[in-house]
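What follows is a group of structures, each given as structure tokens.
In the two assemblies presented below, subunit A is common to both, partnered first by subunit B and then by subunit C.
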Partner chain A sequence: MSQILLKIDGKEVGAREGMTILEAAERAGISIPTLCHHEKLEPYGACRICTVEAEIDSRPKLVAACLYPVEPNLVVRTRSEKIDKTRKMILQLLLAHAPDAPALQDLAKEYGADKDRFEKEASFCIHCGLCVRYCAEVKKKNAVGFVDRGTRREIGFIPEISSKECWNCKECFPLCPTSALQAAYVLTEALMTPAISFKPEKEE
Partner chain B sequence: MDKERIDRIIDKHQSEASSLIQVLLEIQSENHWLPKETLERVSEKLQVPFTRIQHIASFYKAFSLVPKGRHEIHLCMGTACHVRGAPRLLDMVQDLTGIKPGETDLDMKFSLETVNCLGCCALGPVMEVNGKTHGKMLPSKTADVLKNYE
Partner chain C sequence: MPRINSPAELEELRKGILSKRDPNKSCITLCSGSACHASGSADVALRIEEEIKKQGLSAEVDLRRTGCHGFCERGPIIVIHPEEICYFQIEPKDVPEIFSQTIKEKKVLERLLYTDPITHNKIIHESEIPFYKNQERLVFGSNGNIDPKSIDDYLAIGGYSALAKALSRMTSEQVLKEVKKSNLRGRGGGGFPTGRKWEESRHAPGEIKYVIVNADEGDPGAYMDRSLLEGNPHSILEGLTIGAFAVGSHEGYIYVRQEYPLAVENVTIAIKMAEEVGLLGKNILGSGFDFNVKVHQGAGAFVCGESSALMTALEGRAGEPRPKYIHTAVKGLWDRPSVLNNVETWANVPLIINKGADWFARCGTERSKGTKIFSLVGKITNTGLVEVPMGMTLRDIIYKIGGGIPGGKRFKAVQTGGPSGGCIPEDLLDLEVGFDELTQAGSMMGSGGMIIMDEDTCMVDVARYFLDFLTDESCGKCVPCREGMRQMLKILTNITKGKGREGDLVLLEELSGVAGDASLCALGRSAPNPFLSTLRYFRDEYEAHIQEKRCPALSCKELIAYHIDPDKCQACMICLRKCPSEAISGGKNRIHIIEQEKCTKCGTCFELCPPRFGAVKKISGEPVPFPIPEGERILIRKSKEK
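Entry: the complex of A and B
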């Protein structure tokens, strides 16, 4: 197994081929903020909060650390004025959707993001895809998925699957950074009651 | 849409999951919309999760998840048609059919949709009904065109 040497924040870091910048940084004890990353799931690159500056052929470029594979002699910076500015903007855009999400508020404090920068569009979902991917990749139930596209995209539970699978699982609930998922679940349950019951049948 | 017709389309594509969009397109063109039961059947036969089909069917504008009328009106709202009076044409069509873009009337006669360019700007404003192009439309001519459709 060949070792790849790269530099993250001035520190020499060794990584295996196929690892991402994020994985290499984690091994070296350098933290990069993430929202849509989950160790059990395939990288997705939706939130872009892990944006770092990678120098390729001495040209700095903004890349998503959770997706970008390590390469020899790569020079990575995880904090700089440019990165902080980018992350601040991303946070402000996400905060327009979910102004009260604790995960976003913590990051907002660090990067000085103003939650009132953009007009509120309270969908509460930041499209991180954690619930959708967890249900598909780990649980293999596909009870929740994305519907529609662009500004109208939202998550939705399939009532027929959710009524059977969700009550005893709900493993996606703690993953959601904004609680939009729980709301979507309760909404689906309410819309389907009493035709489809989400509660498990009582044991005799 | 009955099961045999769906199965026939799916079999034509050897039940390949990669042919999902082709299958959906064929069902769409035969049935004019994609009912939930049909999508469930496709999901079962192609072994594609229902959430994925729902995502794809709601993503592309070519698919409709609500019933469509017997005649589909596409009204061009592109720049050329717009400056040649498409908004007035739209008002007229809305008055005549009683529906707004994206809607279908109660008798399932017309579905109205606005589009961004039909590619024949010289004929603007353009109205397309069931794929037939009506160029150089005038609000006063719309009633004559629409009365030909039952």
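Entry: the complex of A and C
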């Protein structure tokens, strides 16, 4: 594989073709914050906290580091006034849902984000999709999924699947940056229990 | 129908069809598009058929159910050929007279003709009506002449000759070159050069490539793609097949929303007919080129009009956009090179191949060539679909073709480009319509929606409305769009309710900036446009709402009040009787008053108060005058002078 040379924060960085800016930066020891990224999962690009500035056609453009593929001589900046402003706003928007999530609090400190910038909406889930994608991509069970779209989007366990699969797995729990996932699970569990008590036998 | 195997056989078939048609035979074309269907054209059609049968005229008169003629305001529309007499707003009861007078006696029925609103002249022919006269209907014009369910009709007007030309007399490079040279730009929104998209796909590695028709028209008020697909599906299939040939694709998809049942039906029939004749399938016209098309019905999400979301949905997954750092032309449907063009873009292709790039580029502006179909809706006299050369001014479209604003109201703004477009104010009415011109004005071409707004429209509420639409239609995947829109909508709603605060506009601009820069797809990146463009041209309205709690258009319910001017009230009891919340008190010879705490601001009293009294007033930003004291409410009528 050919080596691609690019510049991140003024530092010459080598990367392999097909790598993303995020991977190249990690290799060079440059840290870029992420919320929805997980090394075992396909890049997703939903939280946009990894937004960096890349010079495309000699103009700086904001791109998601977890998705943007490296190119020879690409010039990337991981901090700038604009990047910080964007990250700060994203954090403030998310803190309206999950003001106590440690992952968000740490970043909020770094970017000066005010957790009270927006009115609270206690849904806790920040829709990073880690649980949904882990269950689909790694466990291949699809026991948890997104429901609805837009601002009504939620995560939800599919009772028929989760009643069989989740009891012994729960591998998605530690992935959740807030407590939303467990709450959703507990809710599903509560919904499933009467059904199970009526039908103790396995259906298959 | 026998399968045709060469361009020569196609011409033979065409000749055969034409030889059976008598150009002097009476033919009634009846608009049967969705809009006319809604206003009763199906019943008119049945009545016409009945009449033909009853009078034994089947040898002398044909009925042709066509697609949309465009002048939807006046539907159902019929045109009687060969005289081309045009009748509007036909009802079944008009049919016998049309037969006895026009068909038999060749007499024109004045009452069914179009009346010019200015000269009050009756106009007989479609081409002389101002609505049509000022258009250039290159793509849309055939809609009124053909039955979309009949391939013969399309062949009779020269259909598939461009495909025959491309396959037999041009190489795929030449086809691509011609389209590139024409400077055709995508009619679906972004205005990306079509030829460049094709070229990128053509050169992208991979054996399997796809061509796709984007018929996921989702802009509120826009229905030009629907009407084209309903009215002239073969023109889109022909364009698509030519595109596939240029790109090297053998598989095409039509992604059409399930809410367009007639479009789905007609395009499905068209595919079947084209397959039967051999204009789709293996070895088309003996050229060795194979091409098949499938129809895919979308579940109807606005975001699926976005190319990557559309492709994700086509793959059978939830329609969510994916990053396009590598273009879909290179890595699209199932990660293969995929050319996605809008319905109207594809329909332009046969014209370019038939008449040449130079012919196509002769009309339009420097950077926007050809014509564009707009759906003219909102506060406009002539609602309908219009096709105009690029470069026509907004003023000409709205006044010459659209007939201006009804009800003596004043024009305020035109919203173009769909929900993520923008509002253009009166002083920019002389703007020439083109991709870049509209973008510079803070709006965009989009797929061609044009919503006209008059003085009664509140621009803050317009922004709120579109944000509400987008918040609902966002897929919800990325934070700047989902959460940013959620907060923007909250703030805008508050402003329209009189709860706006100092600093709201700055925060809205900040949220717009982040959504515009950091969202995953074009929906999120353009979602702030309704706010940004209204702020740019109507900042004073925002400030009036926030600072003075006043809605200058007197539209935002929570910022207005109704009251009755005691000097003008004639105690006629009309408003009092009709008020649904019994908020008006008074009586015969007792001046009426509105009890504000009971008033729901429905506006009934305002609408019903006879204009000669004009006693009910709508106010905003000022305290409601105290009702006059009980003792002074007796109406003393001035003696009527002779």
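Side notes on the structure shown:
By our rule, the second predicted complex is superposed on the first by the 196 of 204 C-alpha atoms of A that agree within 3 Å, B and C clash if a C-alpha of one lies under 4 Å from a C-alpha of the other, contacts with A are read in each partner's own complex, and residues count from 1 in each chain.
One rule holds for everything that comes next: a contact is a pair of C-beta atoms (placed from the backbone, for glycine too) under 8 Å apart; a residue touches a chain by one contact, two chains touch by 3 or more.
The structure presented is a predicted model; accordingly, all values stated were derived computationally and were not measured.
By the touch criterion defined above, A:136 lies against subunit B but remains apart from subunit C after alignment on the C-alpha atoms of chain A. In the superposition on chain A, A:156 makes contact with subunit B only, while subunit C stays out of contact range. Residue by residue along subunit A, subunit B and subunit C are tallied for touches, and C comes out ahead. After overlaying the two complexes on the shared chain, residue contacts for A:59 are found with neither subunit B nor subunit C. In the superposed model, A:146 lies in contact with both subunit B and subunit C. In the superposition on chain A, A:69 makes contact with subunit C only, while subunit B stays out of contact range. Where the contact sets of subunit A with subunit B and with subunit C meet, they give residues 146, 148-149.
Those residues of subunit A that touch subunit C in the complex are listed here as 43, 45-49, 51, 62-64, 67-69, 82, 85-86, 89-90, 93-94, 96-97, 118-119, 126-127, 129, 146, 148-153.
Those residues of subunit A whose C-beta lies close enough to touch subunit B in the complex are 132, 135-136, 142-149, 156, 158, 161. On subunit B, the positions that touch subunit A within their shared complex are 49-52, 54-55, 58-59. For subunit C in complex with subunit A, the touching residues are 301, 303, 318, 322-323, 325-326, 471-480, 482-487, 490, 510-511, 513-514, 517-520.
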